[in-house]
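If you scroll down you'll find the structure; I have some questions about it.
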C-alpha cells in the first residue's frame, strides 16, 4: 500500500484508533466502534447525491439498486456524523475520491468482521464497490486481508459446515454425487455446525465430543469463562496441535502434530487466493506426526482405509473434485510461484482478480445484488456501570493467542496493557504502569495502564496475545454474527478501576 | 513498449526504453559485477564496481543506474573499466572485511586486484550485539546503503537507520547510537536480508560462526510459506542440524519482493523449541 | 510519518531555538507523511537554529526538531552528523574555527595554532564519526578549520557565540588575542579589503552599496528593468551571445543552461544561487556577497525571469556570517520595495527567494549536493544525468548559477552582449604576493600581469596553485600563460574558481600538499568507494612519499593509478578532482 501511496495513490484509513497506517494517509476517519454501516451508507448517499455512481455498471450488472438507494437516503451526513463522529467534509471527500478514482480498492480486516453484524458490515462495503463499479477489474475490488496463512485455504478445501471443497454446496445432490462416487461412501446430505453453532450445541448437550485441530479455543474464544465451562463439559475432547496449548491441556486425548509449514509437505492459500506450496525443511520432534498420517490412522481405526496418501496425492484428489483447483498441479505451483484460483485446467494462468464476468458483454451469470443494510450498534451499549468501550486487536510482533510467537524473544514486545486515552486516564487518576482492574459483565482482569495519546475519550484497547498474563477474553462478549459465527471481539463494555 | 538499440562491446542490443545499462549488459550476456545494486532496491550507484565506459563521456558511468540511450556505444571491458574495477576492489578489500561477501574473491581474481597494495586504515571495530535477533559487524560494512534503503522507502518505511557521519568516518547508525531496541527498528530483518557482506547477520548464524560450527556443507535450503498472517510470504529456510539458522525470502517473489516482517524472519523459534 | 520519538526531552531554550526558526508549534504534533515531505526542507535551518543558539544539537533538541518536522530521528541524525559546523556533543557556547588551510598555513596558521594551544588548550577534533559516545562533553573552545574564504587576510578565524541572539563573526589577521576577544563576544575589526582591477571595474563597480538607494544610484536594477522589457527569450539570447560561462569552476555556458530550464515542461522551475564558496583559496564571491548583496539578488531575479522561475534559493556557505547578515537585510529591503514578491516592477512577474545557510560541508558546493542539502537530506551528490536543468531542486527543472556568474549577467543584460565584449573575471590572488586580494581583469591578460597587479612577489616563486584544491600546481616558468579558458587548457591547468595561490621559496610545499590531501579526505561525503576510501589512501600515500625512504617510483605509480580510478569512477567532481593538485605537485617534491 505504501508503494502505491508513493506512486501517488490516495489512502484513507477508517479506524477508531490512530494506527501507523494513518500517518501515511490522506485522511483518517476515526469512526466510533461499530458505526461502519452508517459510514458506508453515508458515503453511498453522498455518491448518489452528487451523481458520481457508475450508472452504466449498475444498469448492466447489478440488481436491487432501487431498494438500496431508498435505504441510504436515510443516512444524511448530519446523521452519519453523529453516529460515526467523523467530520462531514472528510466523509464527502472520501466519497468523491473513491467514486471518481480510475481504480479503487477497499481493504479490511477484523474491524469489519469481528462484530455481531459482520456480514452486514461486509455487505455495506460491497454496496460501495457495486455503486462505483470498482469491482471485477485489475487494481480494484473488495479485499478482506486474511489474518492467518491458510484461513483462505481452509475454506477453499471445504473446512466450512456447508461446503465441500471448492465452495461447492453440500446440500446440492449433484455435487455430493461426485464425492460419493469418488469416496465410495455417502457424504452427509445436510450442512453441519459452524463454531458458534457448536458451542450452542454443547450447551444443549447435543454436541458431546469435539476434535480440535490446530486451534486454541480455550483462549481464543470470547467470554472465556463460559467457553471453558462448555469445553470441560464435553465427554470427549481431542486436541491435535504442534504445541501444548491450553486447549490441549483440557483435552482427553492429545495428538502431537507436525508444524505444517516446515515439517510437512502441502499447500496453503493466501489472502489473494494464491495457492502456494509449503515444504518440509526440518524433521518433526519426538512422536509428532503429519496431519495426513494422523487422520489416515484415525480413519483406519474407525473402519475406513484411506491408505497413507502423500500431500500431493491428497491434493490431486481434491483437484479432481474441485473445479476451481483443477489446473493447479504441484508442478505448475512450483513453476509459477503459486496460482490464484480459479484455475480450472492446466492451460489456465489463474485469476489475479474475481468477478470479471460482471464486465462481460452480456454479463455472465447472475447479477450482483445490492443489499439493504441498517446501522446496528454494538450489542453491549455503554452505561453508568460499564462506561468504557473495549476494542481488541493485535500487535506487529505477536500472533493471536501467542502460541507460536511466545516461542521467540521479541525486542518489540511489551507487557500486556490496557491503552487508555489521556482524558480517561486523568479522570481515573491513573498513570502509565499503574495496575488497574478491568471488568465487564462477564469477568475481570488486572492489567497495567498505558496511554495512547491519540485514543479518543471513552475508547480503550487491549490485545489477546498474552492470555496467560492477561486473559482479555474474560471480558469480551460472545454476541455473534448469525451468518459468519464471528463474535463481537471489537466491542465490549467495561469498567476500569484503579487498584 | 518502445525500444531502443545501443552497442555493447561492439554488439547491438535492443532494450525497452528506460532500461539501465546493467539490464542492457545482461541482455547482451555481459556479466557485470555489482555490490550495492539489488533487483528489489532503488539503485544508489555508490560501490562503483559496475562502471562502464560510454563513448564520449568524460568519466565512467555506473551501469546499475545509467539509462540506456539510443546509439550509445558502451565498453564494459576496456582498459579504463578494468582499471577502475580493479582499484575499487582494492579499496574495498583494503578497508573492509570482505571475507563473507559473495563474489568478492572471484572478482579479485578476474580483475587481478591485490588489496595489499593499498593497505592502510580500515573500518575495523567491535561487533554490535544489542538484541537476540541479529548482530551488526560494521567491520564488514562497505556502506552500500542497501540496509538503509530496505529500512526506508524500498521496503519497510521504518527509517530506523541512516548513514551518519561523513567520508571514511561515515557509518550506518541509529540516532545518537541508540540501541536497536530503543530505536524505531521493528526487527523485520530486511536489512539483514539485503546485506551483501555479512555485516548484518542472524544471531543464530553469528553464534554458530563464532563457535566454529557454521558448516554450509551440512545445511539444506528449503522454500516454504510463512506460518503467520494471510499475506503468504515465501520463506527460505536454511537448516543446519535440524535447526533453522537463517530465514530469508527470494527477492523475485511476487508476494514479498524479498522482504519479511519480524514474525516470519525471527519468530519461528517455536518450531525447534518444542519438547520431543 | 510514523515516528518513533526520541525519549530525551528538549530544554525550553532548545524548543525556543527551533520555534524561532520554524514558527510556533501547532497543537497536533503528529505530522502526516504528506505534510512531513513538505517540511523536510526546514531540517537544516532547524538544526542550525539549535547550533547557533544552543551551541550544539543534543538528543532532546534533535528529537524536538524531528517532531516539529516529521523527520525520522535516524535520518535527522544522519543529516546533523554530516555538517562540520554542527556539534553533536555538548561544548562551550563560544567556539572558534581557526583556518589552517593552504593560504592560512602559508601565512603562519600553524604558528597561530601552536600559540592558541598555549592559551586556549588543545583543539577539538571535529571528526565526522557518527559513533561518538552519547552525552559527550567537549571542553575545547576551538578547532582547526578548512578554508574560511578570507585568504587575502590570512590567517583567519570564525568565532561563534551561541545564545538567544547569536554572535557570529569571521575575520582575518587572526591572533590569539583577537580570537580570545571574539570568544568573549567582542566585535573584532576586519582588515581593509584589497580590491584591484585591470581596466574599468564592472563586477566590482558597486562595492559598498549596502542599501537600495546606494545600489540604485550605482546603476542597480537597470538590468532587471531592461530584462523585463526584453522578455525572457531575448535575455537568454543576450547571455548566450555574450558567451558567458559559469564562474564556479565548471565553466558551463550560462545561456544554454537558462534556455534548457526555460523550455523544461515540468513546473515549477527553481532559480538557485550557489554561494557555497568553499574551494580553498577562493574568496571572490564573499566579496560580492558582503559588499554588493543587491547585485546578487538582482542577478537571481533576472535569471528567474529568464528561466520562468518563481522561487529562488540563495545557498550561502555557513562560514560567511557577515554576508548572511547583509543579504538578509538586502532581501528584506528588496521585498519591502516590491523588487521581490508579486508583480515585480509592475510586470506580471513573481519571484521571491529564500536565504539558506550551509552547515560546513565543501561538498554542498557541488550542485546536486546543494539541492540535497536544501531539501533536508545529507549533502550527497546524485548521479548525472539527469541534469539539474531537467531534474534539480525538489526534482524540478532548476537553474543553478554561481554568484559571480549572476552578477556578470547583469552587465550583459543591461548593456547587451556586444557591449560586454569578452567581459571580466574575478581572481582571488593570495599567498606570497605583496597585495593579496580580489582582482577584476579582462580575460586574456597574462598571469604575470595579474601578479604584477597584486604587487608581485618578494621572493622567487616556487609554485602557483591555480583553481584551488581541485586545480593544479604550475611552476614559475608558466607565469606567462594567458588567463582564459583556452590559455589555461594550453598550460595544462585550470582557472577553476579563479584561485591564484602563490608560494615562494620561503614556503614548504609538503605541509600544503598534506593539508590538501587531508582536506579531501575530510570533505568526501563518503558515498562512493573511489572517493571515500581513495582520499584516505591518497593521504596515506602522500605521507609515505613525503616522509622519504619509501619505494618512490612504486608510490608514485600507485598514486597515479589511484588518481585515475578516482577521476574515472567517482560520482561527482569532488572525487574526480581530489587527486589533481597532488598529482600535479609530485614533480616539486
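General observations
Order of writing sets the chain letters: A, B and C. Residues in each chain are counted from 1.
Just so we're on the same page, a residue touches a chain if its C-beta (ideal position, glycine included) is under 8 Å from a C-beta of that chain, and two chains touch if they have at least 3 such contacts.
If you're wondering where the values come from, they're calculated on a predicted model, not measured in any experiment.
Contacts between chains leave no pair untouched here, as each chain touches all the others. Set side by side, A-C and A-B show the greater C-beta contact count at A-B. Centres computed as Cα averages put chain A at a distance of 37 Å from chain B. Remark: chain A and chain C have CA centroids separated by 59 Å (rounded to whole angstrom). Within chain C, the positions touching two or more other chains are listed as 1-3.
Chain B has residues 157 in contact with two or more other chains.
Multi-chain contact residues of chain A (touching two or more other chains): 24.
Note for the complex: chain A touches chain C at residues 5, 18, 20, 22-26, 454. Of all residues in chain C, those touching chain A in their complex are 1-3, 30-34. Of all residues in chain A, those touching chain B in their complex are 2, 6, 24, 145-149, 151-152, 242-243, 259-263, 268-272, 274, 276-283, 285-288, 337-338, 396-399, 403-412. On chain C, the positions that touch chain B within their shared complex are 1-4, 6-7, 59, 62, 72-78, 81-82, 88, 127-131, 133-134, 361, 378, 383, 385, 521-530, 532-537, 540, 558, 561-562, 564-565, 567-571, 576. The part of chain B that touches chain A in the complex is made up of residues 131-133, 153, 157, 180-181, 185-187, 220, 222-232, 234-235, 237, 239, 242-244, 253-255, 261-263, 266-276.
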